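Structure first, then comments.
Letters A, B, C and D mark the chains as written, and numbering starts fresh at 1 in each.
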Amino acid sequence: MNIHELVLLGILFSSFLTGVVIFFLNEESHRLRTWLNLLGAGLKLILVAALLWGVRQGQDYSLTFDFLPGVRFALGADANSVLFVALSSFLWFWTTLYAVGYLEDSPHRSRFFGFFSLCVTATTGIALSANLVTFLVFYELLTVSTYPLVVHRGTPEAMRGGKIYLGYTLAGGTLLLLAVAWLHQLTGPVMFKERGVIQGLMASHRGELQILFLLFMLGIGVKAAIVPLHGWLPKAMIAPAPVSSLLHAVAVVKAGAFGIVRIVYDVYGVENAARLGVLQPLAIAAGVTIIYGSVRALFQDELKKRLAFSTVSQVSYIVLGTAILGPAATIGGLVHLVHQGLMKITLFFGAGNYAETLGIHRVSEMNGVGRRMPLTTAAFTVAALGMIGVPPLAGYISKWYLKKGAIAAGDEWVALVLATSSLLNAAYFLPILYRAWFLAPPSVWPHEHRFGRWETHWMLLAAPLVTAVLVIWAGVFAESSFSPLAWARLITSREYGP
Amino acid sequence: MTSSWAIALLILAPLAAAALAFAFPKRGCRMALASAVIVTAALVVLARGVLAGGAQLHRVGGWGAPLGIDLRADGLAVLMLGITVLIASAVALYSRHFFSLEHDGEAPHRARYFWPLFLFLWAALNALFLSADIFNLYVTLELLGFAAVTLVALAGRREALNAAMRYLFVSLSASLFYLLGVALVYGQCATVDLTALGAKAQPGPALWVALTLMTGGLAAKAALFPLHFWLPPAHANAPAPVSALLSALVVKGSFYILLRLWFEAFPALLTPAVAQAFGALGAAAILWGSINALFQPRLKLLVAYSTVAQLGYLFLLFPLAGARDDGFLAWSGGLIFLGAHACAKTAMFLTAGNILHAAGHDRIRDLDGITHVLPISAFAFGLAGLSLVGLPPSGGFAGKWLLLSACLAQGQWWWVIVMLFGSLLAAAYVMRVLNHAFTHVPDPATPNPIPPVMEWTALVLAVLAVGLGLVAAWPVEVLRLGAPAILGGAGP
Amino acid sequence: MKGARATMPDHRIYLLAGAALFVIGFYSLLVQAHLLRRIMALNVMGSGVFLVFIALGALTPGAFPDPVPNAMVLTGIVVSVCATGLGLALADRLQTDADKVELEDGPETSRNTTDTKEESGG
Amino acid sequence: MILRMSLGFLSLVLLAALSWAVLSLPEKPAGLTAEALSKLPESGVTNPVTAVLLNYRGYDTLLEVGVLLLAIVGVWSLRRGDLPLGDLRDRPLLMSLLRVLLPVLVLAAGYLLWIGAFAPGGAFQGGALLGGALVLVLLGGLARSFIHRHRLLRLGLVLGVLVFAGVCAVTKGLTDGLLEYPAGSGGAWILVIESAAMISIGLTLGLLYFGGRPDPGQKELDEGSPRHHA
């Protein structure tokens, strides 16, 4: 076993073993659990940094073994993997810190953090999968390990949310299984490869490939919450705030988006997909989702629900970028994978802070919250402005590339969709900011906690501040060589080739 | 130790242990554990022999077929023996504590008689998996059936006695159907040796009727839809470790004989129509069992109906492996599925036993908050559920994947639909339980304490069921050794 | 009857009789409700099978009947005795505990005590 | 009624199929007579049925002895024996009959065991006689103390299986074949097995008639519950 294989395994096991150990920890061993969590998350970050460095150097990371005859379990790290794994492990670290603070004194913490770690293991596994079967394994693992987090509170609404979540995702997973097995039958054991692996089938199996693409999109689209497969996402909002952050920014939804990127670029190849004529329907579905999500968000008073519909809309930016042929759109989609994660997690951290500190769950209760919690609200504001696409924040970069790509590809209607969506984003975020900063606070908050020196627990405060800074950095320093944008360009150059 | 010693010990050790456990009732558990050690050692030797030299044949008495009885250990037999020793050892460890937790008047009595009956069951299974003689298989079937029925009745409650009685009628009449089939085969072919039959059996009225009789009997014992009606009450009312043995192993014994009959002794009779008929019944079992599992009020009944459904998947092996191209793919898929189901189902029944002891009931709607009370058991149930649903990387997934690949390769897409729909139904009934288990209860009732061993045996088996998928390549290689010729050169 | 077979009784009679016994036993097992009758039905089925075996053994050419089916029948008889013993004990236990001489139909989940005259399947 | 008729129809179909099958069997089935007889000299016995039972297919018989033991274990696990033990002290005529009959039965059983090597007979036939003798003893109430000596009964019941399994192991050691007797000594081994088996079979059959585990009464309470059957 060489060092490269160790790094790959280490990235998975740093959270897997942590999760297993934590699961069996005594509920009371608070300190040990926290240290284990942070140790695992820290170790993973270090390993991912090593991986990032290695892949930049052009080193080849792979780990394979046959777990069935002709079926290979394969991990690897290409530029795409690194993009996603870096995002998820970085955000996991901060989410863990946040969750430790958030869940203080609540029951079943060992169970929670056990599954929390498994969830991240699955996400990094998805990122590092080098073929479809491995992707499927981790994709389903993600489904299962997220369920206990969604139903963590154990209330009837939580159970209902969990049931709906599993219903959607397992049905999607079943379609995905069928698609993967079918394609495996046609191609044999193949790895993900830039420009796709189906060239040989293009002439002979055109119809089958189109059906398969539909199956893949239905299977993965559930997690990516493409309309009309999005029904679970608002219901899953019942989960505790760190879980929502994870669901929306790091793990589930993002895994769906990443899966679509994988299928289009590394299984079909974007040019092959275009020739099959399957990209246009996908783009339309994404466009519809973007508008639909934004419109629904407009009418939600519950803050987390509003954010949830916003996610439905924003994730489809990634899908949209993927579904448009041309380097600029691809860059826009890929970079939004990271940018949306940073912005959305900040928003959820903020929402969690409001709920935990002041008992605020609704937009209508947020009057003057900026005066009581200025730092949280500042972070929230940065992320919200980013979402709207205000320059020079992260969201602006994504939208700019998407728009450029759409026009280059001759899809002018996409530009219209993007403009409408930005207006709608502004329409549902700006009133919140206005309330928070400019209206007078009520005399009593719905349910206030005091956390000493800071406006809230320091763990709850650190995470959104860090991610908010990153939202600014990803926009301002987009042209530097250490930015998500630079990495997205690298991937795109490999996909479209010289 | 040589392979032939291993074969001898695999049968003699549990049989002698059963006799000794009856003669010295206080030492029953020790006998079982000793026999677990001996059987494991013997199986390791046998497995090495098979891996090195292919299928091992032992001519009992030195006569050889057709006059004598042959014992044969090929890859399939080794796999089945391995599953058996695994499940049996786990059940032995579990039962040691299980029966001591009961405090009614009959409890010491149950604890005492469990061990010899359990060891007889084990001996019968080992003998069954090693036998290559269809009359000898009848004797092992009876040994197995008697032990199983009595173990069900051991629960002592009225429902259990009623279920045991029905099980006895089904089991005995099924055995007689099988035996009449054996008589006809002997009259036609003048041999009862599986291998010899494979060489000389040609379709004809006598063999068609004989095979129909034998298949009918074995299908009833294997609870193939629509002959499954006896299974849910019997498996649900038996003591939990017994339910585990029945679901994981006993029904598989009859299925195993069916495989031997159709693929080795009478491959010429396995026409596409027959194969599709098996598949159709299997598909019906999947749907019927799963849908019934959805509506059961009690956990053990739910798990028992799930067995009916999961057995259906095994019968999909007939149309897929009998199709003459790529047969081995489906063959190995079905058998890995069998192994995964054995582990998962044992874990589930043991969990159900834990819940019964801890909560005093197994009503599903009153299981709220059980994860808080029995976290390890609940986790075990969830993991086992993963394998039943067929989520990766579980053994259930590996099996389904291989079956699915065979379907797609052969264009038999109709089974794909059934399999995938069955998975969703399985997810639904597993979720029914977990949904209650995860429900938060502000102050749960204090449960009766459960010895950790009972929780951990369930968890270990559930982990094995899930982990099997990651190492499934190995059993597939084992299955290749001495695989039936009909599977097309045993190539993938 | 043809001359060739006149010297010995036609073996087919025995084979057919065995088959008939088997079917009679099976039918009774299906339609009889009383446990004792059902156990007897099983014995009749068994006798049918044994008769077929013996008839087969008596047919083989040569001075001796074929000993193999004979031995098989001996084994079968012992098994059948054991089965009867076990069945009777179980039936008696059911009668003592549940005051039933027939099987209760339907799922054994409830303490439903309605009598059922007929049992489907067998 | 409709159910009954459909079951009857099903049975008729079964009968037709069975008839079709048995009538299609070869007129002169090949059988294994020739083979069984030709190997007879090597088997150690001259009765071909005994040769099949304890040599050619002795392994079947091992499992069958197991089935017998299993049956009694099963019956004991299910219920207590409730055969009313009679009292013959006031019935001298019956008593004297038993006095004559019992030794004769035991003797006849021994004879059947012995003759089994050459002619019809053997452990099962002998065991059946022993079983009959035991039934008489029980009905006559002559074995009140015997029936309660659990340990002894159990040892007697398992004797057949243990000796048989022991012979399997020993002959395996001697010839490297399961149940492969050393050349020329087949008869002796068979006699050992049959003697042990006959005792167990006799006990099993008699105790099956007794119908359950013997009531421990006041002497031995190691059987658990105090519940009685009518």
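Here, a contact is a pair of C-beta atoms (placed from the backbone, for glycine too) under 8 Å apart; a residue touches a chain by one contact, two chains touch by 3 or more.
Not measured: the values here are computed from a predicted model.
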Where are there more C-beta contacts: C-D or B-C? C-D
What is the chain whose Cα centre is as far as it gets from that of chain B? A
Chain centre (avg CA) closest to assembly CA average -> B
Could you state the distance in Å from the CA-based centre of chain A to that of chain D? 72
What is the distance, in whole Å, between the centres of chain C and chain D, each centre taken as the mean of its C-alpha atoms? 19
Separation of chain A from chain C, taking each centre as the mean of its C-alpha atoms, in whole Å: 67
Between chain B and chain C, what is the separation of their C-alpha centroids in Å? 27
What are the residue numbers in chain B that touch two or more other chains? 67, 135, 139, 142, 146, 149-150, 153, 180, 184, 187
Set of chain C residues in contact with two or more other chains: 22, 26, 52, 56, 68-69, 72, 75, 79, 82-83, 86, 90, 93, 120
Multi-chain contact sites of chain D, meaning residues that touch two or more partners: 18, 22, 25, 29-32, 36, 56-57, 60, 64, 67, 70-71, 74, 78
Following the definition at the start, I'd like every touching pair of chains, please. A-B, B-C, B-D, C-D
Complex contacts: residues of chain B adjacent to chain A: 329, 332, 369, 371-372, 375, 379, 386, 389, 391-393, 398, 401-402, 404-405, 408-409, 416, 420, 423-424, 427, 431, 434-435, 438-441, 469-473, 476, 492
Can you name the residues of chain B that touch chain D in the complex? 2, 4-5, 7-8, 12, 15-16, 18-20, 22-25, 58-63, 66-69, 71, 105-109, 112-113, 116-117, 120, 123-124, 127, 135-136, 139-140, 142-143, 146-147, 149-150, 153-154, 180, 184, 187-188, 190-191, 204-206, 208-210, 212
Please output the residues of chain D touching chain C within their complex, sorted ascending. 3-4, 7-8, 11-12, 14-15, 18-19, 22-23, 25, 28-34, 36-37, 48-49, 51-53, 56-57, 60-61, 64, 67-68, 70-72, 74-75, 78-79, 124, 205, 208, 211-212, 229-230
As the complex stands, chain C meets chain D at residues 12, 15-16, 18-20, 22-24, 26-27, 30-31, 52, 56-57, 59-62, 64-72, 74-75, 78-79, 81-83, 85-86, 88-90, 92-93, 96, 118, 120
For chain B, which residues are in contact with chain C within the complex? 67, 135, 139, 142, 146, 149-150, 153, 156, 158-166, 168-170, 172-173, 176, 179-180, 183-184, 186-187, 227, 229-230, 232-233, 236-237, 297-298, 301
